Structures are given as C-alpha cells and as structure tokens.
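Each of the two complexes below includes chain A, the first together with chain B, the second together with chain C.
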Partner chain A sequence: MRSRRAIFRVLLLPGTLWLAVLFVIPLGLVVAVSLAQTNIVGLPVYGLHLGNYQNVFQSYYLPVILRTVEYAAAATVIIGVLAYPTAYTIARFGGRFKNALIVLVILPWFVDYLVRIYAWVVILGDNGTLNGILHGLGMHGSPPVQFLNRPWAVIGGLVYTYFPFMVLPVYAALEQMDPALIEAGRDLYASGRQVFWHITLPLTSSGIVAGIVLTFLPSLGDFATAQLLGGSNTYMIGNLIADQFSNVGDITFGSALTVVLMSVLLVVIVGYLRRTSRRARAVRP
Partner chain B sequence: MRRARRYDRPRFLVVITALVICYLFAPIAIVVLFSFNKENSLAVFGGFSTRWYVAFLHDGGIHASLAASLEIGVTTMVIAAVLGTTLALGLERSRLRAARVVEGTMMLNLVSPEIATAVAALLIFTQLGITLSLATVIAANATWAIAYVTIIVRSRLASLNSDVEEAALDLYASQWQTIRLVTLPLLWPAILASSLLVFVMSFDDFITTYFVSGLGVPPLPVRIYSMIRFGVTPEINAIGTLMTVATVSLALAALALFALRRTRSGSSVVTDLNG
Partner chain C sequence: MTSWSWSRRAFLRDAALFSGAGVLLAACGGNAPAARSAAPIKAKVDGDLNYFNWSGYVPPQVIKGFEKEYKVTVNQTYFASDQAMLTKLAAGLPYDVVFTNSAYMRQLIGGGLLREIPHGELANYGQVIPFFGNPPYDPGAKYTIPYGYSPTGIAWLTDKVGAMTGSWNDLWTHKSASGHIYVLDQIEEALGMSLLRLGDKIDSGVASQVNQAADELIKLKPMLAGFSTADYTNLENGSGWIQHAWSGDVYIALGKVKDPATIRFETCKEGIPIGVDTMSIPVRAQHPGTALLFIDWLLRPDNSAACVEWMGQANGTSTGNAAFNKLVRDFPFLQTSDAILTDGAWKRVPTGSQQQLWAQAWSKVQAS
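Now for the complex of A and B:
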C-alpha cells in the first residue's frame, strides 16, 4: 500500500508550495514589516519596534477600530435577524420550490461586488432614485436628503453584501433537522413559540454560529463599502489599511493594522473551533 | 402528509421572506432599469434607450479593461483548477500528518479578510522587486482560488467509492493510469463547476486586484471603482447589467453542474456545500 500512496504525496507538493510562497511567507513578511521602522525614503528598516502598534492604539486611530467592530457586529446581527426567518420559511414551507428559492436568495451574491455597492449609490445618492422619488412626491425645491456618508448607509451596504453567507449555513442546519421533532414538541403541548426557542433554535445553532463567522469576518475587512457609501466619518480599518498602501501611506503602520485585523480573526476562529469541538465531544462522548 | 400544519406557518414569516427577496433584487433591478434610461439621470426614468450600451461599445478603455479581466479570470481558473485538483487528491489520499497542516493553512487563507491576504501579496511582490502587472494579479487571485477548487473537488472525491480505483490498480493499471482514466473522469463535473465559480470570482474580484494590479491597464473592477468615485453615470449601469447577465448565467451553469451530480448521489446542493 505504501507505493500506492506515493503519488498522492507528490500531488500534494505543487499546491503546498504555492500556498507557502504566496500566503504563509507573505503573512510572515507582514508581521516583520509591522515591526520595522520607516527610513527617510519610506523603505522599511527591519527590527523589533513596537511604535506602529502604539500608533494603532492611540486616540486618533482607536475609534476607527472600534467603529469597524461595531459596524461589522451591527451588520451581522441585522443579517441574522433577516436571514433566519428567510431560511426557515424556505426550509419548512418551500416544498418543491425549496432549491429554486434558495438559489434565488443567493443569486445576488454572484452579481459583481462593486455593482452591488454601486446599486446603493444609485438609490441613495443626492441625485439618486430615492431622492428622485421624494422629489416626485412633492418635496420640490427642498435640498436632497443626504442618505450616503452616514453610518447606516455603510452598515446597510455590508448587510446587502454578506447576506448570503448567513442564509446558506442556517438553511443547511434547518434542512438537517428532523421536522418530526417540531411535531413531537407540539404534541407535547408546547406552543409554537416554545418549540422554536427550545427545539428549533438550539438545534440549528451550529448553522447560526457558522453564519456569524462567515458574515462578521469579511465585514471586518471590507473597505469598498465604507469608501463608496460612507465618508471620512465612517472610515473602517480596511480604509486605513488601503490608505497606508497607497502612495502617501506608511506601509509599516499599514502592516501593523493588518496584523491587528488578523488577530481579531484568529480570536474569532479559535473561539469557533473550540465551540465546534466541544459540541462534537458532547454528541459523541 | 400535511407535515407543516397551518398554525405552524405564521403569515409574518412569509411576509418577511417576500420582503427580503424584494430587498435583495430591487437594487439590481434599479441598476438594470436605469441602464436603459434615455436621460442622463439616475433619479427620473425618461424613456427607453440603448444609448448607454452604445457608449459602452465605443469606450475603448473599457474594452482594454474587459480584456485584462478576462485574461485574469481564465489564467487564474486554469492555475487554480490544476493546483486545486492535485491538492484535493493529495489531501484526501496521501494520509500524511503534514496534510492536515496544509489543509489548515488553506482554510486560514479562505477565512482571512481579503484585504489582509491582498496586502501580504503586495508586500512580497514589492519586497522582491517584482513589478505589479496582470501576472501579479493572477498569482494573488490563484492563491485564494485554489482553496475553492480544493474544497469542492475534495468533497466529490470523499463521496467516491474507492473500490473502483482499487479494482483498476488490481488489474495492473499504474497509479498514474488509474488517476487519469478512473479518478479524473469521475471528478470532472466537480472540477468544471469549481473552475466556473473561480473564473467568475476572479473576473469579478476587486480587493486583491485593487492592491496588486499596478499602473498598467486597470482590470474591469478597478476601472469601475474609479468610475464610481469619479461620478456615477448610467454607463456604469449598462456595464453592471452586462456583467450581471454574464456572471449570473455562468454561476447558474456551475450550480446546475453541481446539482446534476448531487441528484445522482441523492443529497441536496446546499446541505453538501455546508459539509
């Protein structure tokens, strides 16, 4: 059998090398650059300087980081509140249209990322559709209502962009649940509400948690949404990072911001993995 | 067989679902509608016209960007299909302890915020003195794209009955012949579906492409981004409509391929996606 496995070990190589050269080593480089200092011509001088991290957590940038977490969390909660009933309705009452309906709900994800954000610029802009409608309703002469450059515009954009990432795992969890459990609950005189809180919700919590991870993480690193739907008062960490890597920025500071972002990611991932492994142990002692 | 009794179907659930579907599609519908506007306005629809599509047809810069994005999409797709398939075979069949480390790294790449991996790629290119070009975009895109192909192909591989491969080996086929003549034909739908998906995603990709595309012809998403920042015009709506039609039909084709092989093995598309 040993020789039969040999070829698969060889097949493992190209992909592994590619990931090492273009993902692992670059990540290490980000950490190294975040600990470097910039010289006069803007090139990093490697060392062990924590100045960039002190910069990240000083009063000027800290609000941006807190705001990023706040927006991503708000978007995740709204997505959850909208996506759960949608997935539930499709899974329980979709009948033979189930697959078609779930494809319908995730279809907008295949529309280009920028086009989806642009759609909201079209709707919410000063000369956009919504202001056109308000104008038509008789608000002649009055200045256009400012919808863009506000926190809710950015959060709404995040909700729209990452919605499918919640629907899919929740739907899958609902599909895997035995509907007979709901009937059993009803037969035992539980109200619909009790059945939901005590049976359905706990049984689908793995899907919800997966959905939270899948929507929260990309929202955290998003920057085009805040750039196009927001302004300088809705800046997120992604915008700060993007600025540092443009011509005027400081790549050592940008790298430190990236490391902070990756650290938040690692905390979320480790929490998620610990939860799922605990669950797996609870199911199969 | 009335599994869902009437009292279990509160009307508000149906209403919420209908509203959510409207919310998901209304913005896209508005983009499409205003791409046919006779007026240069996104607020008032002045009548049907194809002038913005004509403007797109005569916009040489957009054509160059489109060609660049097609090159990115196709090349990324080929690299990711080859490396992703080999990686899937290696991860599933090598039984090496190290394979789990590789898999963990790949998953970390997949869940990392795209801006972080993009910045990392940019740093390695600039520190190595590589000039940013379409080649750097392709290299950076292929890195995340490999993960998608690997996951989809591997899930198919795991569902295959390895008896067929064992039989081929017992009948004196070489390992390479077995992979080429037995395994790959069975994996073909999964490879094709994941390749289509990766093509659409890398053609559309904005964040990675934005960071590593350099000063040459901007790929389509980067050009659209600067057009939006410069000011919105219905021409962007026309481009967006065309991109939507193209990417959504390719995505539906990929889903159909996926569903085809799923119905044969009897589980639903989405359940399988989730593991």
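Now for the complex of A and C:
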C-alpha cells in the first residue's frame, strides 16, 4: 500500500513540474507586471502600483464587459442547441462510423485557428463567396449584403470555433449512458419526449455542464474572432487586452485586465468544480 | 508578387495578437540593455546574419544575392507589429539587423537599444538623400538608415463617393458612406490623425487635446465599418469606400483592382503623417559587421531599386526614390517629394505618463 502511494507520488512529479514552470510562474509574472510601471522601452519596473487596476474599473469599459458576456452566452446557447443533437445522433445512430464522425467534428482543428477565421472573411466579405452565391441567385444589381463587422458574424465565429468542445463531452456522457435505460423508459409507456426530458437529459447533464464550461470560458477570452470578423462595435475584452500588448504597448494595464478577467473565470470554474465534486460525493455508496 | 508580400505582412499584423503572451514573457526575461560604448563597427563578415523584420518586406532575391555574395546565411525572424519589435529588442534578443520605425526612436535610441552606424563603412552611403543625413527622429542619423516610407492620407472609391476636400474632415462628413469607412487600427495613426484635424501636434501629450481627439473618434465610430490596417484589402474588395490609408498600400490596391481609375488618394492639409521604416543594428547584435554589410547591400543602387519595386514605397535613396516615381508615374497622387519629409508631421509614439494617457484614450475609443 505504502509503496503504491510512493509510486503515485513519483508519477505526479512531471505534471506538477510542468504546471509550476509553465503555468504558475508565468501567472505570477502576469500578476507582478499588473502591479508594475513601464520604463521608456516598455519593460516593467516592478513595484506596487494599483493605478492599473483603477483604470480597469472605469465606467467606459463596462459596455465591453457586458458585450463580451452577451456574445459568449449567446454563442454557448447556440452551440448547445446545435451540438446536443449532433452528439446524440452520433452516439445513438453512428454505429460503426461513430469514431469517423467524431474525427470529422474535430477535423477543422487540424487547420490553424487564424487561417480558419480568415477563411470566413473570404466567405462573408462584400465580394465574398456567399454574396457571389446570392448574386447568382438573381439578386443582380442589389448591393452586397454586409455580413462582416456585425455582432452576428462574431457570435457565428465563436459558435464555429468552439462547437467541438460541446460535442465531445456530451458525446462522452451519452456513450456512458446505458441504452437499456431508454428501452426501460419506453417499456414503462413513456413517450419519446418524456424519455428524453426525464432520462437522457438528466443523465447527460454532466456532459452539458462540462461543454458549457469549455465553450463559455474560451469565448469570454477570445479576441481573434472579433478582430477579424467584427467591426468597431464588436470589441470584446480579449481585444482590449490584446491591444495593450500589440498596439499601445501598455503591458501593465493589459496584465491588470488579464488578472481581473482570470479572477472572474476562476469563480465560474470553482463553482463548476464544487458542483461536480458534490455530485461525485453523492453517487459514492 | 508585391501584393503577396504585403498580404503576408497584413496577415502578420493580425497574427501579432497571438504573440502577446510570448511578448510578455520576453519582456520579463531581462532588463533593457544599457547603452554601452563599443568600438565602431567594421564592415566585414563576422558570422551569419540574424535578421529581424516584417515578413516579406525585403525581396527574397536581394537576400539570396547577399548570401551568395558574402557566403553567409541570413536567419530570418519576423515581427508582427512595431510594438512587438520594440519589446523583443528591449528584452535583449540578439538580432544583428532590425527594421525599426522612426516613430519608436524615443524608445529605441532613448532606451539605448541601438548601436551607432559608422557611415564611413558604408560604400553606398552616398545614395542616401541629404534629408536622411539628419532626420528629426535621429539627429545625425547615428542609429538609422532609411528603408521605406509612405505618407498617410485618405483613399476612396470614386464610384462610391465624390467631393473629397483634402481634409481629414472627409472621414467625418460623408454620411452616405456610413458603414464603409475605415480608420487605421494603429494608435499613432488614429489618435495622431484626430489630433492633426483639431489643429494639435500629431504627438501631443496634453491631456485635454488627447481626450478631445479621442472623443472626436468616438463621434466618428457610428459611421465606421471598423478600425483596420488591411487598408488595401478593404479597397480591393470594395468594403472600404473611404479608407484612412498608407499611400504604399494604395499602390498595392491599384495593382489588384480591374479599373485603377476607381481608387484615388489624397493627403490632408491639416498635416501629413509620416514615418520611416529604418535599418538599425541593436547593441546586442553578435554579428554587427555582417549587419553593416547587409545594410550597405540594400543601399546599392540595383538592390535599392529592386526593394522599391517590391514594396511600392519610396526608400530615401536617390536611385530608390527615382525608381519609385517611375513606378507611380501613372498615379500622380502617389508621387512623393522631399517636401513631404520636411513638412510632414512625424509620427512619434509617446513614452512614460504620456504613453499611459494615449493608451487609456485609445482604449476608451475602442471600448465606446
């Protein structure tokens, strides 16, 4: 028993080191930079300056925060509505093509993130593929439909990007579910709808919650989608942070924004973990 | 050919966003190298060249020619924004030759990041036009050799808008172009332009002026399609009817559209923003001799002309500028003269508390 525990401790070591070196230390640096000032070349001069945090809580950033939450929530809901039937169909009716279908879902991720979003710029542009099709359908002479630079373009981009992150956990939950439970439900004269609402959905709720966490949180921090598909009125918190590094060179303010955003995300994650651990305790005999 | 190189540059402008974390780490990696007095550099091969530039900004055949001539390898690394370039130099990365920008000289020279370039070691230094022997951003041209410049102005589609007046007001007054107007997504261009329009200095550090310039941009926002540095793409695909643009990118757009007569460009009477991409040798360079040879190689008349034809910008050498004016002879509105250099409004990115003032004003514009 004791020797087995020792082995597990050794096995934990690489992961712990990995997290410490590549996660905890950089995170500590971000916090330190958020409290620093910059010198003439833009490098941080460490200290304890709370001014960067005062700037975070300016009223003119409130619309950006609200918009970010709005887009991320809208994207998550749409992904949920689209991904659940996808995962359900694959899990229940995929047969021997199940694995191939799952690979198809994640296939776009084999292409670089930025390239995929650029592809949408080409498709949705004023002279783009979609407008070309509309034109061909007989809308000659009418001005091109403006798809880009609109909130829906950004939300659509988020849906496209994070869709697999909902399919996979929901699929895993559906796979774990015993199909006999559905048959049992039907044997007890439940309608298809009743079986879904009272058996399938509750039993896969852990997958849905995991999917929500995996899609909502990265959507909150996303910036490339709004940068490339959005316009001047679709600015998200991720854009504000990215701009501090790549455009205005205020890495201390960018770091303060990052720390605040991460703190908010942490609250969501801790809430999720507490929920799942309670559940795990509840099912333990 | 040229347009492809510029597409890549624009692509990397966007990709810059992704280097944020890396830049932060780089920034934390060390202190700014202090200016140190080193012996003057001699123009002789002292190793392979570590080259740091925008992607595709120098024609490949010119770089290959250098490798062949001096039997060295050019190791190319690219940056995606001037800000990223500054941060990496500040972190002390040992590049040998870097394409810096005049707007960042307060930081680069003031921060002691660059080495002096002995003009006597450059066989082709005589090619550099007199203005760049003593430019406002680098007195005595001790740290920089010019590579490319194109003034900022307004481009428009003649079949969509008319009655342009040669004023920055043109971005604000064309209500019918609403939703098809772009402003450059660069703090020194956007805020600088708004400051010029209000009659202030392009690099004003006065809080009331900077905030007023930001408020004017906020007023403009409902009419904007967005803030974008993909100026030639917006012109080419027709989404930008009125575009705050670099003249060099307008040249690229003219080469891509079916009917070049549909695109025009103007500079504005309140002030012509100007900046130069320059060649420098960082203090941390390990092969400054090869770097000096490389700079000299780009000044050589044939190479200088090749660079101009490749990127569609004037470059501050007598041969290069002549090649440029030949290149744009059909587009008089793109032609340049030394007057633009002497009378233009030189872009400068502020430092210290003024930088914070600008950063907050710009963030407010973006957030509003």
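Assume the second predicted complex is superposed on the first by the 245 of 285 C-alpha atoms of A that agree within 3 Å, B and C clash if a C-alpha of one lies under 4 Å from a C-alpha of the other, contacts with A are read in each partner's own complex, and residues count from 1 in each chain.
Rule of thumb we're sticking to: a contact is a pair of C-beta atoms (placed from the backbone, for glycine too) under 8 Å apart; a residue touches a chain by one contact, two chains touch by 3 or more.
Small disclaimer: the values here were computed from a predicted structure and weren't measured.
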Combined model on chain A: chain C and chain B, fit or clash: clash
Per-residue touch tally on chain A - higher for chain B or for chain C: B
Partner chain(s) touched by A:Ile7 [first = chain B, second = chain C, both, neither]: first
First, second, both or neither for A:Leu48, with chain B first and chain C second: neither
Contacts of A:Leu188 with chain B and chain C, given as first, second, both or neither: neither
Partner chain(s) touched by A:Leu29 [first = chain B, second = chain C, both, neither]: both
Which of chain B and chain C A:Trp18 touches, first, second, both or neither: first
Chain B versus chain C as contact partner of A:Phe223, first or second or both or neither: both
Touched partner set for A:Ile241, first chain B, second chain C, both or neither: both
First, second, both or neither for A:Thr38, with chain B first and chain C second: second
Partner chain in contact with A:Ser255 - chain B first, chain C second, else both or neither: both
Listed stretches 23-31, 95-103 or 239-247 of chain C, narrowed to the one that overlaps chain B: 23-31
On chain A, positions contacted by chain B and by chain C: 26, 29-30, 33, 114, 118, 125, 127-128, 223-224, 227-228, 241-242, 245, 251, 254-255
Residue ranges of chain C touching chain A (in the complex, touch as defined): 11, 14-21, 23-25, 27-28, 31-32, 80-81, 83-84, 86-87, 89-91, 106-108, 110-111, 113, 179, 185-187, 221, 224-227, 237-239, 349, 351-352, 355-356, 358-360, 362-364, 366-368
For the chain A and chain C complex, residues of the former touching the latter: 26, 29-30, 32-33, 38-44, 55, 58, 60-61, 63-64, 114, 118, 125-128, 144, 146, 148-149, 223-224, 227-228, 230-233, 235, 239-251, 253-255
Contact set on chain B toward chain A in their complex: 3-5, 7-10, 12-14, 16-17, 20-21, 23-25, 27-28, 30-31, 34, 41-44, 82-84, 86-87, 89-96, 98-99, 102, 105-106, 108-109, 111-117, 119-124, 127, 139-140, 142-143, 146, 150, 169, 175-176, 179, 200, 204-207, 210-211, 221, 224-225, 228-229, 232, 236-237, 240, 243-244, 247-248, 251-252, 255, 259, 268-271, 273-274
Of chain A, residues touching chain B in the complex: 3-16, 18-19, 21-27, 29-30, 33, 82-83, 85-86, 88-90, 92-93, 98-99, 102-105, 107-108, 110-123, 125, 127-129, 131-133, 135-136, 160, 163, 168-169, 171-173, 175-176, 179, 182-183, 186, 192, 207, 210, 213, 217-218, 220-224, 227-228, 238, 241-242, 245, 251, 254-255, 258, 261-262, 265, 269
